[in-house]
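The structure follows.
For reference, chains read A, B, C and D in written order, and residue numbers begin at 1 within each chain.
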Amino acid sequence: MVAENRLSFHVPEPEVRPGDEPDFSDVVIPRAGSVPRPSVDVDPKDIRDLAYSIIRVLNRQGEAVGPWAGALTDEQLLEGLKHMMALRAFDARMLMAQRQGKTSFYMQHMGEEAVSCAFRKALNPGDMNFPTYRQAGLLIAGGYPMVDMMNQIYSNELDPLKGRQLPVLYSSREYGFFSVSGNLATQYPQAVGWAMASAIKGDTKVAAAWIGDGSTAESDFHAALVFASTYKAPVVLNIVNNQWAISTFQGIARGGSGTFAARGLGFGIPALRVDGNDYLAIHAVSKWAIERARRNLGPTLIEHVTYRVGAHSTSDDPSAYRPKTESDAWPLGDPVLRLKNHLIVREVWSEERHKQAEAEVLDTVISAQKEAEKHGTLHAGGKPSTRDMFEEVFAEMPPHLKRQRQQAGV
Amino acid sequence: MPRMTMIEAIRDAMDVAMGRDDNVVVFGEDAGYFGGVFRCTQGLQQKYGSSRCFDTPINESGIIAAAIGMASYGLRPCVEIQFADYMYPAYDQIVSEAARIRYRSNGEFTCPIVIRMPTGGGIFGGQTHSQSPEALFTHVSGLKTVVPSNPYDAKGLLIAAIDDPDPVIFLEPKRLYNGPFNGHHDRPVTPWSKHELGEVPQGTFKVPLGSAAVRREGSDVTILAYGTMVYVAEAAADEAAVEADVIDLRTLLPLDLDTIVTSVRKTGRCVIVHEATLTSGFGAELAALVQEHCFYHLEAPAIRVAGWDTPYPHAQEWDYFPGPARVSHAIREVMEA
Amino acid sequence: MVAENRLSFHVPEPEVRPGDEPDFSDVVIPRAGSVPRPSVDVDPKDIRDLAYSIIRVLNRQGEAVGPWAGALTDEQLLEGLKHMMALRAFDARMLMAQRQGKTSFYMQHMGEEAVSCAFRKALNPGDMNFPTYRQAGLLIAGGYPMVDMMNQIYSNELDPLKGRQLPVLYSSREYGFFSVSGNLATQYPQAVGWAMASAIKGDTKVAAAWIGDGSTAESDFHAALVFASTYKAPVVLNIVNNQWAISTFQGIARGGSGTFAARGLGFGIPALRVDGNDYLAIHAVSKWAIERARRNLGPTLIEHVTYRVGAHSTSDDPSAYRPKTESDAWPLGDPVLRLKNHLIVREVWSEERHKQAEAEVLDTVISAQKEAEKHGTLHAGGKPSTRDMFEEVFAEMPPHLKRQRQQAGV
Amino acid sequence: MPRMTMIEAIRDAMDVAMGRDDNVVVFGEDAGYFGGVFRCTQGLQQKYGSSRCFDTPINESGIIAAAIGMASYGLRPCVEIQFADYMYPAYDQIVSEAARIRYRSNGEFTCPIVIRMPTGGGIFGGQTHSQSPEALFTHVSGLKTVVPSNPYDAKGLLIAAIDDPDPVIFLEPKRLYNGPFNGHHDRPVTPWSKHELGEVPQGTFKVPLGSAAVRREGSDVTILAYGTMVYVAEAAADEAAVEADVIDLRTLLPLDLDTIVTSVRKTGRCVIVHEATLTSGFGAELAALVQEHCFYHLEAPAIRVAGWDTPYPHAQEWDYFPGPARVSHAIREVMEA
């Protein structure tokens, strides 16, 4: 008998750690415009390749090229740019507000603005997102008032959620934004259930599920794919692969599979990867997937390939686990800059107008902030009441809660 | 009034609810074509079509998550978990999601779902077909927990649960499906067709959530029970030859505290029985409340009779099950205290 | 705007239902010997096709053909046949015992005997299975005493599990058979953990995980694949696709994916499908996967394609949900018959010797049964004690359990 | 003796255990390279290598399942769940598997794992970083549940837990990581470096599971508490100007009932405090036991002070948290009864 080799334990490690030179040479980036655009009723079997490529529209010169280009007007693109700028400015102000003690916690989108802003514009009224904490672009691009977002972040007297929820875990039925959960992945299969309901009722609405790269490891991811696949639910399953899950790089969740999109293949669900820093590409791919859903062709999985430039949250310091300059080396660039350059190439934008727009956006954010702060911040000024704490546990307050509210003296 | 088994009554409740309201949908493992391993959903797919009653993949978390998503859309899912012992994979969806969606969205999104599951022992089902996990639900703010003990209540409570705007855990004591088992496993069980609580009104009728039923009245001692233990309590009271208030709680949360307190203040003695393991069982909450609210009326401590603090065994079914002998022993203990 | 079509709800349905003519015409069965045998260190990417085919060795003529044939001697094959016959006879007797009220419950293997019997012979001593309730062949082929299995089924005074466990949920560390859980899928990721431990310790043992087709829908299936993929754990992930999960056909769990094996592809885990009624094929494929694991090449997924001929359990009646004669129409035949025929073709077996062997096997089973029944059956004779009920909750009994045991008067 | 924070003491316990026994492995989300979001495992990967301390995918069920498999192999996993609020996806593995493997295999397979998780509120963590789910574990036969309240105990209990042959749930009150917070959120907290219980012996030492500590003695009333509530109880006793027995339970299961009963029989009065929601909380079990075992010594009902029966809110942190004002109010209530 051959002497057997001993086993050894394998733990995936990122290419680089703090102190090392950032290195993305293993990330294969296909040329913009090089990935074909199948028709929406394609047999999923015939587009398995799309799970291993990246659909891109904007090239290095800032031009929109290839079969996924051409869907958006100048106006729509300018609007998209402003949404991303607004989200970035909003993030900056709220980060600062958190540092000033005006709230307990904040989570920013830096580098990922295109994903949620572009996706939102591909939806119809009545469609519903089941977002994570990093898709505030769905609200901003959907026209939700910034001041209400701030009221929520501040848990102030006008907080639509009455101080009950952690900052950034917004909720707005009207704006197609399902109440965000603090628990990862739980809402992915809920989105499928919502989509099943639309099909059961014979309606035309579709759902969009959202999850991070790290959270695809959660078991509810599987529940969602199983149900979506079995019932051909009209849902778009988004994975935002921003390379990191707090301190763990995407290799920990991805394991031996080439990409996160590949997870869809075992379910017969068409899976596309898209340049998550390319507003045009995201919009085009989202449109495609949403159309599939609405035409009763079933679920689509989209992996948005992007990069988390900032810290995970205000409680995190990424310099402990990755090189400080890693984001500069990220090969897909910055989504705001790329759309800005495209608009300049298109000759509908300029450096000056961009500067001016930046100032305008900042003004808007600041005045919303002033307005919100009139109604209080977490530890100062107006706030939700203790009574609010006891409300909405149930539609009707049962006797034991009434007793407790009384004990609390409110 | 027609006579029904508990299975028929539960099926009838869903039938009535589905007939009245297109938004009521029913699903679960084997719950569609086959009609459920206990046959509670039999015929519903045939009658309402497979968009209203259907089979699911074996994923309890997915079942509850789908129900939550549907409820937020506007449907009223009434879903089946095959055995309460198999609800654990769905526990996160129930606790972290269903129970809190109304609260965290300030009522913008709500979760009117019913989660039916067969509960309790007495069928030689071993560790994974016998559990009584009610206390794992009563500890969770935002859930209602119901345990019917007879066909009449089962139908009335289930319709009330389906109509309820919030998530309801509906635990069906499987040993009662076919008759009021009282723990005397060596004696025949009266079928529901010969029991007055097997008489079930037709069409819509409700038993409100949150109200207990006094099954029999007596001044010696109060026995608090629910599910199968109601009949065990009655048998035990007979065997201990006491006049007991036997209270069938029916709903554990919201709890009908008034009925409990009124009775214990009257009798001054209290025995609490349930099948679930003793420690941190719902009986602990009941004992805590009883001593809190009736302290000055109590002649003896409130005593709990419950499943032992072991996993539910197979061969030792009747050693584990808190039958009439153990309950009547406890009754005598509080009577003599 | 184009008028949108309304959505409709899709629920997969089997081809036929009770009363219909059985129909497996949609099941594609490749010719025996037609699927290539890659080397074990093949790049998983290069064998994705194997997840959509079926590896078969025995052809219709009872010959062993193709690259997966040739590994087993006459003796080994004869032993395999006897294991399967023993399992079948064991099942028949225990089913009857259940009907006689000697136990509460039983689950049989009819039609699936080859899967666990052949797999067991591909393992080394020290390897560990994490089985479901339908792999008793692992014990029988491993030489575990039948009488101990019966003692467990009867919950009698010699029950190694002291009456605590449901019938057929055996446990034997010595025989590489992990305590079976009544909860589906939970043990799939535990097997991965066991395999990780072997790698962490630098040992040479591998684990085998077992799951049914229906249970792949459970979320723990995902947990197992994620961990196996990330840590390249030395584990074989078996899926026994016997077409049914109680009353639901495999389409409910499989959804839009072509096969269950395909689920492995999204994790970069090589996935093979094997004729689950072909002892030789199962053995060869299992050997291949076990070698991969032992050579530190990581996990392999095997889908055993078979058919559940009997009822799900003694509590089930399949005539309510599938045609009574469906099993006769199953295109992969009967595993016992096929191996028997092969041995006859090999000229080491005959109809007479088979008959004789059947009688011998029955004798063995009956005498084991007599022996077991001396020590009691569920409701009669010797049984575990009430004291046993209180033991082994913890290594050392804590005070509250001692108090309860005392209250119980034991 | 060195002074340590609770984080350092916990880390030191794992360091000692890993140093003594190659079979001890540590893993969890962000627990490897980074050393955990609360930094409890910092440095362990560097010291023991990534086969002994490593990052996991974000799948709590997978973490516990892997630990169970490893334990059955012979390792002694000590794993981290990032927040107790995130243990629900693993609840099935904990309840249906870890807790029952010894029992169902008659001791052939065992499950010596420790599941560490930060618990409790007081950090404006909202619904998903503040929960106290201990009662969901104490109801499950086969689990031990530990809640340390200071660095000394944290180290001694954690080493005892790792050495224990059965699964142990180890709940770390996160508000105590850096000092003995007593509920007065508007006052500075003494750091552990200035507190005597911040003195932690070096090397191996154990605090046995199942023994409570009497933090202060008094004859007026018994206060039962654990975790953060120990300091709240002490502050409340001061504010109510009573001489209290303050009992830090340390281990909820197995429970040190003798210490409780001795104290309550002496004082005749009992206040029970915990952060978890009231209904079916562990306080219910304590109240039930106290009245059962001390009925004839009690001058007043045992009173519970606990989190309200609502999800844990964000802005209303200090309205929800059962701080010294509510506890001293309860003390006065039992004193006057």
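Everything below uses one rule, namely that a residue touches a chain if its C-beta (ideal position, glycine included) is under 8 Å from a C-beta of that chain, and two chains touch if they have at least 3 such contacts.
Note that the coordinates shown come from a computational prediction; the quantities given were computed from them, not determined experimentally.
The chain with its C-alpha centre at the largest distance from the centre of subunit D is C.
In terms of their C-alpha centroids, the spacing between subunit B and subunit C amounts to 36 Å.
Per-chain Cα centroids separate subunit B from subunit D by 31 Å. Inter-chain spacing, taken between the CA centroids of subunit A and subunit B, is 41 Å. Among all residues of subunit D, those that touch two or more other chains are 51, 56-57, 59, 61-62, 85, 88-89, 92, 96, 103-104, 127-128, 141-142, 253, 279, 309-311.
Residues of subunit C in contact with at least two other chains: 8-9, 11, 162, 164-165, 169, 181, 183, 196, 198-200, 217, 219-220, 222-223, 226, 230, 252-253, 255, 393, 400. Shown here, the protein chains touch in all possible pairs. By the touch rule above, subunit D contacts subunit C in their complex via residues 25, 51-52, 56-57, 59, 61-62, 65-70, 72-75, 92-93, 96-97, 101-110, 141-142, 144, 165-166, 210, 253-255, 257. Put simply, subunit A touches subunit D in their complex at residues 8-9, 11, 13, 17, 104-105, 155, 159, 162-167, 169, 181-185, 214-215, 217-220, 245-248, 252-253, 255, 315-316, 320-321, 378, 383-384, 386, 388-390, 393, 400-401, 404, 408. Subunit C makes touch with subunit A in their complex at residues 4-12, 44-45, 196, 198-200, 202-204, 217, 219-223, 226, 228-232, 234, 251-258, 262-269, 294-296, 298. Within the complex formed with subunit D, the residues of subunit C that make contact are 128, 130, 160-162, 164-165, 169, 171-173, 178-179, 181, 183, 186-201, 207, 219-220, 222-224, 226-227, 230, 392-396, 398-400.
For subunit B in complex with subunit C, the residues that touch the partner chain are 29-30, 32-34, 37, 50-51, 54-62, 85-86, 88-89, 124-129, 278-279, 308-311, 313-316, 319-320.
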